[in-house]
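Look for chain A in each of the two complexes below; its partner is chain B in the first and chain C in the second.
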Partner chain A sequence: MSEILFIGLSLSSILLLIALGLSITYGAMGVINMAHGELVMIGAYTAVLSGIYLNLNLFFALPLAFVVSALVGLGLEKLVIRRLYGRIIDTLLATWGVAIILQQLIRLEFGLSFFGIHIEGLGPGLQNMDVPAFLTQPFEIAGIPIQPYRSFIIVVTLLLTLLTWFLMYRTSIGTQVRAIMRNPQIAAACGIDVRRVSAFTFAYGSGLAGIAGVLLAGFKTVMPDMGASTVVDGFLVVVVGGVGSLLGTVLASALLGQINGVFAILTNDILARAVVFGVVIAIILWRPRGLFAFKSR
Partner chain B sequence: MNSNRRSFLKTSAAFGAALAAPSLIPGRAAAAGEIEVGVLFSQTGGLSIVEKSLADATLMAIDEINATGGVNGMMIKPIVEDGASDPKTYNEKASKLVIRDRVPTVFGSYTSASRKAVLPVFEKRNSMYFYPTYYEGFECSKNVVYTGAVPNQQLSNFIPWIINTLGKKKFFIVGSNYIYPREMAKVSKILIEQNGGEYVADEYLELGHSEWGAMVSKIKDSGCDVVLSNVVGDSVVAFYREFKNQGLTHDVLPICATVTSEIEIAAMGADFAVGSYTSFPYFQAIDTPENKAFIERYRAFVGDPKAVTHHALESSYFQVFLWKQAVEKAGEATPDAIREGIKGQTFDAPNGKVTVDPDNLHTYLTPRIAQWGADGQGTIVEAYPEPVRPMPYVAYGETPDNLFCTAQGLDSSKL
Partner chain C sequence: MLSLSNVDSFYGRSQALHDMTVTAPKGEILAILGRNGVGKTTLLRTILGLTDRSEGVISLDGEEISARPTHERARAGIAYVPQGRMIIPDFTIRDNILMGGFAAGGPRRIPDIVPELFPYLMDNLDRPGGVLSGGQQQQLAIARALACKPAVLLMDEPTEGIQPNIVEQIEEIIIRLNRELGLTILLVEQNVTFARRAAGSFVMVEHGTAVETGRIDLLSDDMVAKHMAI
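== the complex of A and B ==
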């Protein structure tokens, strides 16, 4: 029983990890960022490349990937999204285009493969990230087997959630972000620099995606289109939890992860996935704005 | 009057034939002294990682044949098309090669989906397709020469070996959810029962799925003592990693795989596969001068000193030589002549002797089992004493005395 719960918890933490960044960019800024998966992918490649060229292990790759993805996100915000605020369908299309460009940049090794130059760690092939040995050796506490890597992901996700909560609810910039979420015009009228705060928020959400990428690289294959499939799960969580609600995102990922884990063990993974989608549809029918949507004026 | 009319009809018929004649000549005839062939693999898209290497091996074989004087004194001219990892594109490109370029042969395809997509083109227009990949069997086309392994060539020594040599009797069969793993599982179950083993589960995961937590936990609790994996693609990587992360080791509970090749091992990091087994007719580790020379030539050809070779790649290479011998035997490069000429052709491939079965146009191959080491290479721990006859319908009761697929075609009454 404890194993089933652990697998569910682990699935939840991975969902939350992906959805955390998304809930901030989507929730706070109303941007459906189709390139979020690619920011995850960039984080994963940062881990692979820093392993090959800088000989850095997982722990150093985490902050590095945060910075790299945040910078890419910042550039994306300044170049594309800033010009499209309030035009939700346009941002969806534009960021989808950006997603394809980012994938191709990795696949074509920033265009160098046209000149016959090959960079190890890039290109269309499959890459992998080394995981320190002590994170792959399971151990037992009081007879319960503990998987260190999955536990590590749970801990990191927990810390990031706390950090995000702290930033959003206990700092002045968080207050500004929440003001913008409710009503950007009034927030601007109160003297908040909406553009600057939005850029910061978007960069932070992107950085979280980068960290998710590093952690995913530990048990997934790293390849240019790895992000596309993960981002779907992220959107599911955000929509179920309620746009812009941190608590909703946490609870939605816990719910969906546990449902997935329990059904996967009791029946099989294919059915579990169908059940998850069924639950999502039911919740959206019941509460179209998600479990914890706040009333916006 | 009557005779007049008849002679008029005669002359007009002759005239008509004369007019029609030019259209019988191919619109884009190959230059004299050249034979055009199609090379149809994915150069772009998700499958291009593997398929590019197959195209490279094909082109290398063509280069080598041309360097030694070509076929019947004629140079082979490859027309390379891109299947773009998409069956529909495959079909369009195959039509282009067969109808517009009028090539008598196309070398191509990695996935069964792409082969099924081009099959109608070759059957309707009567052209020949050479398919280099291991696949699930259950096909008997007179227009395809199959040079990869079919299930009985991967499993007929593997399962008895697992039961008798490894001493493992309780199988957990796991695969990706599509036709190849499901057919492999069928054949495995027949063989497991014949050899006195049992299977405790037969489970599937979506193609491309990478969350293995629940499945590996099931494997752990199932009481099995060996895992038979028909998992394909990038899921393989996530599977082996999760296996180790949950504390399972290959010395106690080995994964015995039918798809995990040198490519997947390199992608997951060799540590995760050390001690596990794979069954294929070809491994890069085959320790013969012929294979070592082959690897050297391939690496030089693609300009990558670390390039890996694998089963489908080797088949892509040797099938061009089988084709060459067929054309030479037949004396002409028409599809019908190639089909007749290829029957019984034998070639010394890097993996050893290969022979095309005259009945079902599949290839006799030597099954081998390798154990993976820390360097990402296999050690051959078992090899069949001779090449094994291909039987594409073995899952449905085909035996050497009761063939389903013969030169006359498929006997569907036996299915």
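== the complex of A and C ==
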């Protein structure tokens, strides 16, 4: 049973990395970014390509994917989202369109496949990222088998969650982000540059998605539409946890990841999905604003 | 000196200010008078760029600010005490005050005058802003605005919905901020008696435009009856 919970915990971790970014950007900017899953996918491809062309392993791919996804996110914010603030449905459709474009860019190898040029690591096929050998050999501590890669995922997520907490609650920029989440107009009237802070927030959330992509690539095949389902899971976490609540996001991803992991192992993946959706529906009926929505008067 | 000339302001497609021209002399209190819904709050929000769109010229000490985004106007020295206070309920009192510091530049700190004006806030810095009474929240909103190190203070009905014993205290503070700190204050006010006592000049607003304006001693009872009686 402890092994099953451990697998659930690693699923929860990836879910958390995806949802953190979504929660912050949805909370701070009111933007439903349907392309968030594609930022995960870009992170995964960054790992694959950096392995093939730069001969970099996982440890170097993590920061690289953070930077690449953050830059793509920043571009998305500046080119599309910035022009659509306050128009939530329009943003949803526009970012969905961006998601499709990004998927096709990978599938068509940036259009080069039309000219018969193939870039190894891109295209419609499945890709794999090599995980360093020492992360694949299970070992035992006090008779309990430990899967090193899953442990690695949990540790990385733990560190990034602490970093996010620190940024949000112990730095000036975090105070500005939280102020914007609660009241963007009064934040601006207090001298906070809402656009600049929002762009930073968006880039940071995108970078976390990129890291989630690298970690996913270690145990799942990498393909152009891998992001589509992750964005749905991410939003489930955000809705259950409460928009803009770090604690809510952490607990909701732990809960949903565990439910998914446990039921997937005891029964099958499809039933596990159904149970997750059932739990989410029950929770939002019970608490429509999520478990930890901050109180507003 | 803060002045607006021929300013139109819009929420979506509806126009809330029409050809508004008004000047707030430096170091004085300008009383903004008129019935509910005539555009007094919109006037303050337009000065900070918080409406959807505006046209015309707004200038602060001769420098035009109409094209600048809200946060730059705040950094230029305009602070806002909004209607409804807009305290962030789950921020501590300290964090609520320090929010104003983003406009002041440099390390954010609580202004020296705050402990003197609002000792209660200083004794409760770590409590959440949401637990305060209406009057205390108003004090907090004023403290936050002072942390912006403003030259101009926009105050929207600062005594509205506040228990009577605190009203007088807030009124004295407004007068002190003007007389002692030399702040230019644009004061939206329903209480004509207080406006006459505190302000140097006035503007009477109706249908989103200035219908009367001048020194406060020119504010006649006829004007009040005509533009403010319900």
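General observations
We take it that the second predicted complex is superposed on the first by the 289 of 297 C-alpha atoms of A that agree within 3 Å, B and C clash if a C-alpha of one lies under 4 Å from a C-alpha of the other, contacts with A are read in each partner's own complex, and residues count from 1 in each chain.
In this text, contacts are C-beta pairs under 8 Å (C-beta built on N, C-alpha and C of every residue); 3 or more make two chains touch, one makes a residue touch a chain.
Not measured: the values here are computed from a predicted model.
Look at chain A after the overlay: chain B and chain C fit there side by side. In the superposition on chain A, contact is made by A:Lys220 with chain B only, not with chain C.
A count of residues in chain A touched by chain B and by chain C gives the higher number to B.
No C-alpha atom of chain B lies closer than 39 Å to one of chain C in the superposed arrangement.
Of all residues in chain B, only 46, 48-49, 177, 203-206, 208-215, 217-218, 234, 237-238, 241-242, 244-247, 263, 266-269, 304 touch chain A in the complex they form.
Across the interface of their complex, chain B is touched by residues 3-4, 7, 10-11, 14, 118, 124-128, 130, 136-138, 145, 147-150, 218-221, 223, 225, 229, 261, 264-265, 268-270, 272-273 of chain A. The residues of chain A lying in touch with chain C in their complex are 172, 175-176, 178-179, 182-183, 185-195, 294-297.
Considering their complex, residues 48, 50, 69-71, 74-75, 79-80, 82, 86, 88-91, 95, 98-104, 108, 130, 144, 148 of chain C touch chain A.
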